[in-house]
Each structure stands twice: as structure tokens, then as C-alpha cells.
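The following pair of complexes shares a single chain, chain A, combined with chain B in the former and chain C in the latter.
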Partner chain A sequence: MLVHSAGGLFVLWAVATLTFFAVRLIPGDPAQAVLGGPGSQASPEALAAVRAEYGFDQPLLVQYLRELGRLATGDLGRSYALNMDVAPLLLAQLGGTLLLALLALAVAWLLALALATWSTLGGKTAWAVGSGIEITAAALPHFWLATALIILFSTWLGVLPPISTPGPVGLVLPVLTLAVPLAGFLGQIMRESFQAALESPFVLSARARGEGELGIRFVHVLRHAALPAVNLSGWAFGSLISGAVVVETIFARPGLGRTLLNAVTLRDVPVVIGVVLIVALAYILMTLVTDLAGALLDPRGRTA
Partner chain B sequence: MRQRASTLLIALAAVSALGLTGCSPASVTPSASSTPVSGGTLTYASGDAEPSCLDPHVGGNYPQALIATQYLESLVSRNDKGAIIPWLATSWKESADGLTWDFTLRDGVTFTDGTPFDAAAVQANIAHVQDPATGSSTGYLALQKITSTEAVSPQVVRLHLSAPDSALLESLSQVWVAMESPTALKRTQDENCASPVGTGPFMVTKWVKQDSVTLVRNDDYTQGPADSAHTGPAYLDSIVWKFIPDSASRYAALQSGQVDVIDNAQPDTIVQAEKSDQIAHLDAPRPGASNRIELNSGKAPFNDPLVREAFIRSANIDAAVKSLFFDTTKRSTSALSSAEALAVSRPDLFGYDPDQANQLLDAAGWTKRDADGFRVKDGKRLTVVFPVSTNQSIPAEQSLFEQLQATAKQTGFDVQLTPMDLSSWYGALAANDYNAVSAPYTKVGPDVLRILYHSDGITPAPSGYFANLAQVDDPKLDALLTQAAKTSDPDARADLYTKAQNRLLEGFYLLPLYDQQNHYLYRTTVKGLRALPTVSTPTFYDAWLAA
Partner chain C sequence: MSAEPNTGDAPSAVARVLNLSVVFGGTPVVSGVSFDVSAGRCLALVGESGSGKSVTARSLLGLAGAGARVEADALAVAGSSVLGLSERAWRRRRGKDVGLVLQDALVSLDPLRPVGREVADSLRLHMPLDAVARQARVRELLAAVGLPDAGERMRQRSGELSGGQRQRALIAAAIALDPPLLIADEPTTALDVTVQAQILDLLENLKAAGTGILLISHDLAVVSRIADDIAVMAEGRIVESGPAVRVLAAPTHPITQRMLAAIPADKPRHTALAPTSTDTRVVGSGRNRSAIATTTNDSRGETGGAREVVLEARGLVKSFRRPGGGQFLAVDDVSFRLERGTTLGIVGESGSGKTTTARLALALTAPDAGEVRLLGHPFTGIPENERRALRPAIGAIYQDALGSFDPRFTVQDILLDAVTGGRRSGPAASARVRELLDAVALPATLLGRRPLSLSGGQRQRVGIARALAARPDVLVCDEPVSALDVTVQAQVLDLLDELQRERGLSLLFISHDLGVVQHMSDRVAVMQNGCIVETGEASAVFADPRHPYTAQLLAAVPLLPA
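Let's turn to the complex of A and B:
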């Protein structure tokens, strides 16, 4: 547990450091962000004054140490562009993105499970079709899928809103955009392990006892087959948050992803670091959860 | 022949349709279907960045101007003929020496927090814009010549200037120096940024960051600028002002009816929209300068007027505007926006003529060509370094620069386009590391010419920035522009600006492209929408929703 925590802290430090230098080394002026962003006609004098006030004229290393010192005390700092503290700003955006990511993860699991079950039931053709669907789905870029879904469901059929509304209806397209490619990934892994488990001796004995094919899958096989997919879910959650950048922008949903994109464009370093730290923390927590879930599903690892 | 006649008919129909849509805001014909009805919520989707502060005194950019037009008002406005008209001030008088101006304010106006609008309020606003702590950039420049203010009576405010300023009224019409409640201005800047208080037809009631701002009707509102279509409160109950950064989703939301108006419409969506009978197009070019390429006359090769003219003659801008903007905009041959009544257009100077370009380059001594086909002189290639700000040039414009690069290559110019983000771009300009550059400049009135082309604008500020990017250094032009800035008599002023523009354009210092693009698309259920002829932001005061 101690090792885990130390590892987690190291990851957070490394993430903050990398982010700081990555954002500050792209050419661009954070002083512009303070004065209303690239569209403003900020006078050069005003820019110079802001640079002095925020210490942007200091050596980068000094700025880094100052940033790190503040983060160490748990203070995420103040956004250059939005005139507010980073912590409440991100807290307000966190809920929407978490909801989106968790729903997408759940839907992806359901889709993958349904596909894996069906394609291992239906012989060679089903196997090939399932595999084809999964590979295609996994390869779909979020921005393309989002646009295609908008054209299909909003412009042509007119059944779903193209930009997010507060209610559950507004969540359908964003969740699908994130869930479908992920379902492709999960499905591929699930189907392989499904097939492996279906060939094990305990399935043979279950069949010999006269249990039905569907029953065998849900009672005996799923437990084995789900394990690699559960392990992958920690990673998947991280990737969903990055997908949120695209999805929240296209569907105009408030959330961490959109906040991150705006902040990077404006070189708003405290916000970028804040979002990245939250994502890193979520990733660490998710890995911990999937480790625990893995242990529950596979008793062999418990004593180790 | 039959074929041609029918083509002509179609063209005529198209032209008259264009004329009709173009005139609709001005010619409101009262009929049963066009009687305004009150009520309803209009949803506006902006593609601009969400402002970090809703008070346009702070900073001062276009996204702020767009939304602040709905809840703040200025002392004066401008009509579509370019004349200054009353708004919060009913009349004004300039002293004989041009150094003091008296503004008489409209009686009985109150801010939406109950604070009366009077001379003291105007004084507080000018002080707020001029206070360095406010961090105003655009508004600060507009009020630069005001040295002090004085309340002659509660209804009359006097401004003292450091020099006569014929652009003062145009400067005051801009929303970046609009009037806010002095009581509200006393709050912290954070509070005032979140809920600025004005006298406008709507007021800010809620701001959910990264999502929307809610504006609700001001029921005590009595009248807008003098060219408004009605008096009394606005028709709409409220406006939801959303931010949808993605251009395709913005248009999809408009098509589905989820939003009623969008801004930043790109050429491809405008063409799509024109095929739809549910969506209409409002083209509102921004005032001030046209979009143009400045040729840096301060260094080789553009210090030679022959080379400047050759470059201009070698660029096929007309073809590029047609193919990349799909006729959604017109080619400009003026240094000023078509929104400026005093703009001088010179199509004779900016036509595509590669033969003449070649002759000019030969005459200038660039006679040899190297292995790549570029012209050389004294062992140096004819190179044009062209930094492009990706923040300030829309994708279609960046493509246009690439076409220009291709056509200029045929006459032997090596145009080196370098896409940059805004601060690297400012850096390249400050280092004088450019031969050509395109920089938009929005300001009400022709005084923008003095900012952009007076030789004073070559001297860099301490930070290295300067506005005269063509580095025009012409004492005769300076004299004309200085004189024009001091001359209030309309005819004399117009004459001076005409002379100045002809002199500037005939010097081939700049290559005009088109107006600064500013297109809105809206559902045809939205009636009475127009853009204010000041900085071309839409106003929803006269707007209503048809059932």
C-alpha cells in the first residue's frame, strides 16, 4: 500500500512537471491569455505589465519551482484566462465528464459483451462478422464518428439534438461516440478469452451436465473471459477522458475536456496542470479499482 | 440564344433575391405577418472564444463586443450611411478650437441596478477605461486624447482633449467604451466581469462558464439608438448565449432549430445555407481597415516601388476569392472596409497582370532566374517572407495565401508562408522579420488609416510592437492624415481622406483582399435582426420570433 502511494505521488509529480514544460515550451504567450486571449488587441505595454506581474519574465526554472511549491501545498492556483481559482473551476466541470466517461464505459461493456456472446454462439460466420465489426469500431476516430452521428440522427432523422442538452437525451450521442470505439477494443479481447474459456475442461463438463449454451457463457465463462477486459478498463477510462476533449468540443458540452482544450490554446498553465493532475489521479484510482476487481474475479492472485 | 436568355433570367432572379435579403432590415413593411410579437427565448451560438470578462472595458476584444452589445449602450451610434446618431447622448457640441466637447445626455435613463445615468456616470466610465488597473486595451486607445472630464450639470458632461480629434464620436460609438453603472463599477473587477450592469435592452442574469450566458429583458427600457425600428422594451423575453466552438456542430444546431442564430459562419456553410429556405444570411463586414496584405516598404525587396507593384500585379486574388470563398464575399480594392462611407476603391490599381509584373521586375533589375525559376539579383533570390497568424486568418484565407504563393511563383517571387501562433507572429513582426503580412484592424471610422499608415506608427513601442506594418514613411501622407484627424468639417474631412487614400494606394504599399469577414446565419423565424453599423455586432433589440 505504501509502495502504491509513493508510486502514485511520483506519477503525479512527473505528470505536473511534463505538463508544465510541454505547455510552456510551445511558442505562445501566457500574458495574452490574461488579457483576453488571442482575439484581443492587447497593447504591448499591457502585455509587458502582465508579464512582470505574473512572473512570466522570470527564468522558466524559477517559474517551475514556484508552480511546484504551490501544488505541493495543495493549491491548484488561479486561471490566467478565466479570472477564477482553478480548484472550484475544475470541480464544477468534473461531474459532467465523469458521468460521460462512466456511462460510456458501461455502454461499451454492454456492447462488447453482447457482441462477444453472439459471435461465439453463431459459428464461423458470426465469428468473422463480430471480428470485422470490432476492428472497424475500434478504428473509428471520435471526431469522425461524432460528425457522422450528428448527420444521421440530427440532420437526417431529426430525433436527437446535435449539441448537448442538460437532460438524458443530450447524452445519447456523446456517450455513443465514446462507447463505440471502446466497445471494439473490449470486444476483441473479450471474444478471444471467451473462446479460450469455452475450450476449457470445465465447459466440457458443464455441457456434459446438459447446461444450455447461453447459461454456460454467463455462469461459467464470463468470469474467466472478463478478466483481461476488466484489467483494460483502467486504461480505457483514461482514454475516455482524452476522448472527452473531442466529444465535449463537438457537442458543446461543458466538462474537463473542453476546459483542457481552451486552456491549452490560451497557454493557461495552471488550468492545464489542474486537469492533467485530475486525469492522472482518476487513472491511478481506476487502476486500483480494476486490480481489486481482478482479485475478486480471480481468487488465485489473492494470497500473492 | 434561348439558353442565354434563361441564364440571364436566373441571374436576374438571384440578384433581386440578394437585393431583397440585403435590404430587409431597413425596409420593414408593416403587414399582418410582420407585426412583431413579444415573448420567447432566442438561442445564440457563438463560435468565438468565451470571454473571460463580460465587461468590454477590460481587455476589449470582439467576443466581448458581440455579447455586450445586448446589455450595454454607448453615448452615440452610427447609421448605415456612416452618420453619427444620438443614443445615450442626445446632442453634442465641439468648441471652436476643437479641444472641448459638451455632450447633453438623455433624461430619465437609469442603469438596471437603479443608478441614474448622468454626467457623473460618464465621468466614472471614462475614468474606469483610463485606469491602468482596468487593463483596457481597445477602449483605452479610443479615449487616448481625453485629458479630463467635467460635469457641467447633471445632464451635460464636458470632455477636455489634448488635441482636436475628428474621430472622437466614432471612437465613442464603440461598445468597448460603453456606459456601465458607476455603482456596479465600484465592485471588485471579478464581480463586475461576471455581471456588468448597463442601460441596455437586456441584462446579464446568469453565466454558466463554458456553457452559456443568460440575458433577460430589461422591462424599463425606453429607446435604442436613433435608427432603431421601435421604442419601449425589447420583444424577446430572454436570450441564451451559447458557446459552440466547432463550426460543423454550430451549423447542425442551427439546422435542427436547437439554436436560432450563429456567428463565424464559414464560406462553405454560407453556401449550404443559401440553398435552405429556413436559414438566412447576414453579411456584416467589420468597420475600419479591409483585410489586406501589407508590403514592408522598410526593407528589400519591397523598398523598391516597382517590385511592390510587380508583386501586386502577379497575385491573382480575384480568382482565389471566387474559388475559396465561393462568392460569399467581394474582392476589395480599398484600404478601408466597405462599411466606411469614406472608403476609396481603386480597381484600376489591383488587377492581375502577369505580363506587366514581369516587365516591372525586369525594369527593377531582377532579370535573371535561378534553377527553381525564381528571379535573382546580385546573387540574391527574390524572396518574400510572409508570416501568417493562424489565430487571425480563417482556413479559407490561409488557402488564399497558398494560391497567391503559386501565382506569384510564375513571375519569379519566392513567397515563404510561415503559419504561426499569435505571439510568435508578433515576435516576427517586432524583429522586422517579414516582407509581407496580413493583420486585421477593427475600428470605427477612417482614422484607422492614421494608425496604420502614419510614419509615427513605425516607431516601435517599448515592447517592440508597431501598427504601421507596411512601414510607409511619406511626409505628404503624414500631413494629410494628421490634418484629417483634426478636421471636423465633413466635406473637408472627406476630401482629405480621399486624397490620403489615393496617395497610399498609388504607392502600392498594400494589397487589399476583401472586407474583414463577419457572417451570421439565422433561422427565418427570427425577424428584425440587424448588425449595428458601429462595430457590426448583431443587436436583438428589434428582434422577435415568428410563430
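Let's turn to the complex of A and C:
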């Protein structure tokens, strides 16, 4: 547990550091960001004043250490562009993105599970079809899938809104956009481990006791087959949040992803670092959750 | 070639098979097989891997495999035909009319579920019992198969039980509904000899209680303990069958004779166990062939002669941290001397510290105390870069030959890598590779193959060839034949024996199988709980064991009736 926490802190530090230098190495003047972005016609005097106020005239290393010191006290700082504290700004956006990512994860799991069960039940054809669907789904880029879904469900069928309206209906297309490629990916892993578990001797033992095909799958195989996918879900959750950048932008849905995109364009360093830190934290927590879930599913690791 | 049914009286037959054939995608795997299993009797179906014995047995459960076409003139279990049953009808019969026990309950019971749940499954699927009654019945069953503290054990998973305990639990699950027919497919193959004896006793008790047993094994010595009748299978057919006493005492078919000859226990040292003209030994390894078949006793009784000690262990101690905390003493004050050109057998059951001893001897693990000397030089307690100069003098082969190869390497790559010390090219390297293949009697046509496509015996031969690449003085053999069929084991043991005489190799031969150790060793050390409890000349130790544990091990070795 101690090792886990130390590892988590290290990740947070590394993320903050990388993000700070990555954003600051983009050519341009951060003072411009404070005064309304590169397009603004700020006077040299105003720029100089801002530089002095924000410490942009200091060496980069000093600025970095100052930033780090502030982050260490839990202060995410103040947005350059929006001129408000970062923490409340991000908290307001966090819920929507988390909801989107968690729903997408759940839907992806259900889709993958259904596909894996069906494709291992139905013989060679089902196996081939299942495998084809998974590979195709896993290869779909979010932006393309989102566009295709909008054309299909909004333009042609007219049953779902093309932009994310508040309420459950507005969530359907964004969630599907995120869930389908992940379902393909998880499904591939799940089907392989389903198959491996189905071929193991304990399944033969169970069949010899008179266990039926569904019983075999749900009493015995599922637990074995779910393990690798559970372990990957921590990673998958991280990738869902980064996928949210695209999805929230396309569906005009408020959330961390869109906030991040705007902040990067405006070179709003505190907001970028804040978003990235929150995503990293979510990722770390999710990894912890999947570790615990894995230990629940397979208690052998604890005793062995 | 089909055999007559062993017992004629159909009324007491719990399984009846007449002219069974099983075809997988056009390839016949079983053809013309007929036999009966009667209540309270045991029929052993014996054959090498791939002889079709498991497929035959599983046909009685409707589990011959995906894509199998099963046909028979008669196929009946518990008195009624099972030909052409629907999957649903099969499910009602499985577990109730036939129980199945597979080898190695570690993987034959769901490793993630408590064993009690696995046993309860049989009841859940076939009987309208409530949960409480089911629990009580499970506890009864586990106690009946001799599992101590059944109430506690039923909550543990197979990995938390010992090999014997989980095999008992597996049997309990198979007999939960008291099926008239029990199929036991290599039920003792992964077990230590003493545990094997206990499991065979348990099966014998079930038989005495009226269960008909179909026992499947590659080892005639094992089945001889409980089989009433024996049917020997080869290439999908029964080649010989009859009462066990007759088949074992007067085998008529060459395959039966070969299987009997392959049993190493009680065969004097240096006796060939396999016929010398087996198909695997095709290419020019005719040297010394004549010498192998003759029994030579010249290495015996030479205790007075001063042979060079090539490998010596002095007071080795090694402990490991237990996962839950605390120390586990794996090897406790182990000393031995291995003389040039001889074999020192180390025998003991799982967990006795044999493999740790092997790793210490190979300096793959550093001892907590004591030292290993190789060719008179210190081999432990020195930095690895000094040790590296000595490493070519000692080689190793392992039980799991397949796992010890890079699966992407071909046989050529594996040997080339060993011959050149990893550089993969060098003067006369490929000539040397061929020479090694020749030494282990493998044809050069195998050079392009990968380990996965080789048979078990071929893999172990490649393993031996690789170990010989550096021209070692000492070969550490850690359970080298435990994963092999008796007949293949015989060939590998003969090969090791031949190599020892040709090259003056000294073998540290580690095995749980007393029969094998007895056949291979000049001197023997018996290990229990990390200590050597008895050591001496192999002939003396086996003829007159001094330590009660040695006597116990010896008593458990399956022997053919004299």
C-alpha cells in the first residue's frame, strides 16, 4: 500500500513536470495568454507588467519550482485566460466527464462480454464473425465513429440529438462513441481468455458433472476470462478520458476534455496542468480499484 | 484386432462398448474398440500418449471432443444406451451415471473456487437439495474420500490443498452422486509415490463398494495394483486384452512387452529399457550399441577405488521467506559427493528440497551456508564472473524441456546458441550441432523444427543435446523423465546411460520416482523435509533401507506382481 502511494505520488510529480515543460516549450509568450490570447493587441507595457506579476521574467527553472511548490500545497493556481481559480473551474467540469467515461466503460464491458460469450458458443463462424467485429471496432477512430453515429442517428433517423443535450438522451451517442472501440479491444482479450479457460481441464471436469454450456461460462469461465480485462480497465479508463477530449468537442459537451483543449490553445498552463493532474489521479485511483477487483476475483495472489 | 469383451455377463456391466470408432475430421482416432466394465471391477485401458485411450473413455461421457464423430454397434452406460443422445440428455447422465477423475486436481478443479463448491456442483445439477443439506452432503463426501478436516478443507481452493488432498476432493466431486461407473484418466500421474499409493487404495475401496472403474494410464505398474482386467491400446485399437494377471505375466503383443520392459524399477543398472531399434534412433549412432544391451556391473562395489570427486556439496543450507512471513528451511545441512563417471540419485517427494539442491549445485541460487565445489574448485561464494569460467563443466536438463527453450528458436538455433555461447556463429559450429544431434540420436531433419512441434521425448533429447554442448563433466538432471510416458522415459534413460559410458559423464539425478532412481543410480541420497535422511550405495539402500521414510517410499513404489 505504501509502495502504491509512493508510486502514485511519483506519477503525479512526473505528469506535472512533463506537462509544465511541454506547454511552456510551445513557442510564444505566456503573457499573451493572460491578456486574451495571441490575437489580442496588448501593449508592450501591459505585457511587461503581466510578466512581472506572474514571474514570467524569471528563469524557467525558477518558475517550475514555484509552480511545483504551489501544487504541493494543493493549490492548482489561477487560470491565465479565465482569471479564476483552477480548482473550482475543473470541479464543475469533472462530473460530466467522469459520468461519460464510467458509462462508456460499463457499456464497453457489457458489449465485450456479450460478444465473447456469443462468439465462443456459436462455433467457428461465430468465432470468425466475433473476431472481425472486434478488430473493426477496436480500429475505429473516435472522430470518425462520432461523425458516423451523428449521420446515422441524427441526420438520417432523426432519433438522437447531434449535440449533447442535458439528460440521458444526449449521453447515448457520446457514450457509444467511446464504448465501441474499447469494447472491440476488451472483447478481443476476453474472447481469447474465454477460449483458454474453456479448454482447461476444470471445464472438462465440470462438463463431466453435467454442467451446461451457460453454466460453464457463468459459473467457471467468466471469472477466469474477466481477469485480464479487469486488469486492463485501469488503463482503459485513462484512455477513455483522453478520448473525451475528442468526443466532448464533437458533441459540444461541457467537460474536462473540452476545457483541456481550450486551455492548450490558449496556452493556459495552470488549467492544462490541473486537468492533466486530475486525469492522472483518476487513472491512479482506477488502477487501484482494478487491482482490488482483480484480487477479489482471483484470491490466489494474496496467499501465494 | 478388436478385443473380446472381458467379461461376458451383460447384466452387471456398467459400461458396454462394442465396436466403437471415433473420427476427427476424417482421421480415425479410435477404431473397432470393444470392452465391458462390470460393477465392482476395474478395467485398465493402457497405452502411450496418442493411443486413443482418453478419447475412448470420454466417448462414454459424450465428451470425445468438438468435431468428433462417434459410432458404435453398442455404447451403453449404467444399463442403457447412450448412442445418439441429445446434449440435454447427456447432461442428465453425466455425473449421475458416470463420474470422471482427471489427472492433477490443481487444474482439474476450478482453481478460483473452493473445492466444496465444486463438489456441491454435482449435487446442485442433479438433486433437489437445499443449500444446507448440500453442504452437509459435501462434508460427508469429503470425509468419505479421506480428506482430514473436511469442514475446513471445503472452503479452500485447490491451490491451498496438497496434491493428494485435492485429488481426493476431485474424486469426491466425481462420486458425489454415486455413479455406477467411474472413469479415472491418469488419476495419479502428477502425484508422489506415497500419495499415489493412497489414491489407488481409495479407488480400490470404491471398487470394493461396487463401483465399476475404467482406469486409464500409460503405466502398467500403476494399474497392476487395482486392475482386474487390462486392455492395451495402440493407434486407436485394442491390441491385447485379458485378465490383468495374464497380461502382465505373459504378454503376447510386442507393444505390451515393450511397455513392460520399460518399467525401470527392479531392472538392474545399465540394462536397456527400450528396444534399441526404435524409430527415433535412426541416424548413425550405432557406436557402442552392442555394449548397451549387456549388463555390466563393473562400476559396482568399487567403493574402495579412489575416483575423482567432481562435484561436492558441504553443509548446504538454504531458506526462503514464506509469503505470510517467517522462514522456510528448504535445504538443511545437505552434503554429498559425486564421483566421476557415476550417478548420484537424489530421491524425495515434492517439497523435500530436491530442486533447491539442484539449483544450489548449479550455483543458480546462493546457499545461506555451506559450499559447493566443482572439479576441486570452489563454485559458490565467488563472484559470477569468476564462476563463469567453471560453468561449462556443469550442465542441466529439466523436467519441462519445452519451457526451457525459447519457443521462437528452431532446434538448430537452440543448439547453435549453446555451442557458440550465444554468438550463433563460429568455426565448425554447425558440424558440432550435427554431432550433438547424432549423440542424442535425433535425425538432422529436425533441425528446422520448433520445440512445440516435437514430441515429448524429442524435446528432452534436444534438452540433453543442449546440455552436452559445452562438454560438461557433470550433468544435473532435475526430474528429466517425469513428464514422459513410460516407454519414452525408457528411451531417454537408456540415452543418459549410454552418454554416461561414452563420455564419462557424472550425473546428479533428481527424481521423485524411486523406480527410476533405483535403475539409474550408483549411489543414492533420500531427502525428506530438506535433509538427507539416508545415503549409500543404491543397491544397499534399496535392498535394506535403514530409515523408516526410505522403507515407506519403497513400499509405495508400484511394482508388477512377481
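What we mean here is this: the second predicted complex is superposed on the first by the 296 of 304 C-alpha atoms of A that agree within 3 Å, B and C clash if a C-alpha of one lies under 4 Å from a C-alpha of the other, contacts with A are read in each partner's own complex, and residues count from 1 in each chain.
Keep in mind that, in the parts below, contacts are C-beta pairs under 8 Å (C-beta built on N, C-alpha and C of every residue); 3 or more make two chains touch, one makes a residue touch a chain.
As the structure is a computational prediction, the values presented were derived from the model and not from experiment.
Colleague: Thinking of the overlay built on chain A, is A:L297 touched by chain B (first), by chain C (second), by both, or by neither?
Modeller: In the superposition, A:L297 touches chain C alone.
Colleague: For the three-chain arrangement built by superposition, which of chain B and chain C touches the greater number of chain A residues?
Modeller: Answer, by number of touched residues of chain A: B.
Colleague: Answer with first, second, both or neither: which of chain B and chain C does A:R209 touch in the superposed model?
Modeller: second
Colleague: Please work out whether A:A112 is in contact with chain B alone, chain C alone, both, or neither, and reply first, second, both or neither.
Modeller: neither
Colleague: Going by the contact rule set out at the top, does A:A48 touch chain B (first), chain C (second), both, or neither?
Modeller: A:A48: touches chain B, not chain C.
Colleague: State whether A:L98 touches chain B only (first), chain C only (second), both chains, or neither.
Modeller: neither
Colleague: Go through the superposed model and pick first if A:V219 touches only chain B, second if only chain C, both, or neither.
Modeller: second
Colleague: Now for A:V264: first (chain B), second (chain C), both, or neither, which partner does it touch?
Modeller: A:V264 sits against neither chain B nor chain C.
Colleague: Looking at chain A, which of its residues have contacts with both chain B and chain C?
Modeller: The answer is that chain A has no such residue.
Colleague: Mind pulling up the chain A residues that touch chain B in the complex?
Modeller: 26-29, 32, 35-50, 81-84, 89, 92-93, 147, 150-151, 154-155, 158, 161-163, 165, 249-252, 254-255, 258-259, 261-262, 265
Colleague: Note which residues of chain A are touching chain C in the complex, please.
Modeller: 200-202, 204-212, 215, 219-220, 223-224, 297-300, 303-304
Colleague: Taking the touch rule as given, give the residues of chain B at its contact with chain A in the complex, in rising order.
Modeller: Contact set of chain B toward chain A: 45, 48-53, 58-64, 132, 135, 137-138, 140-141, 189-190, 193, 208-211, 242-246, 248-249, 252-253, 255-256, 258-259, 391-392, 420-424, 426-427, 442, 461-465.
Colleague: Enumerate the contact residues on chain C facing chain A in the complex.
Modeller: Those residues of chain C that touch chain A are 61, 63, 91-96, 98-100, 102-104, 107-113, 118, 121-122, 125-126, 157, 159-160, 170, 173-174, 176, 323-324.
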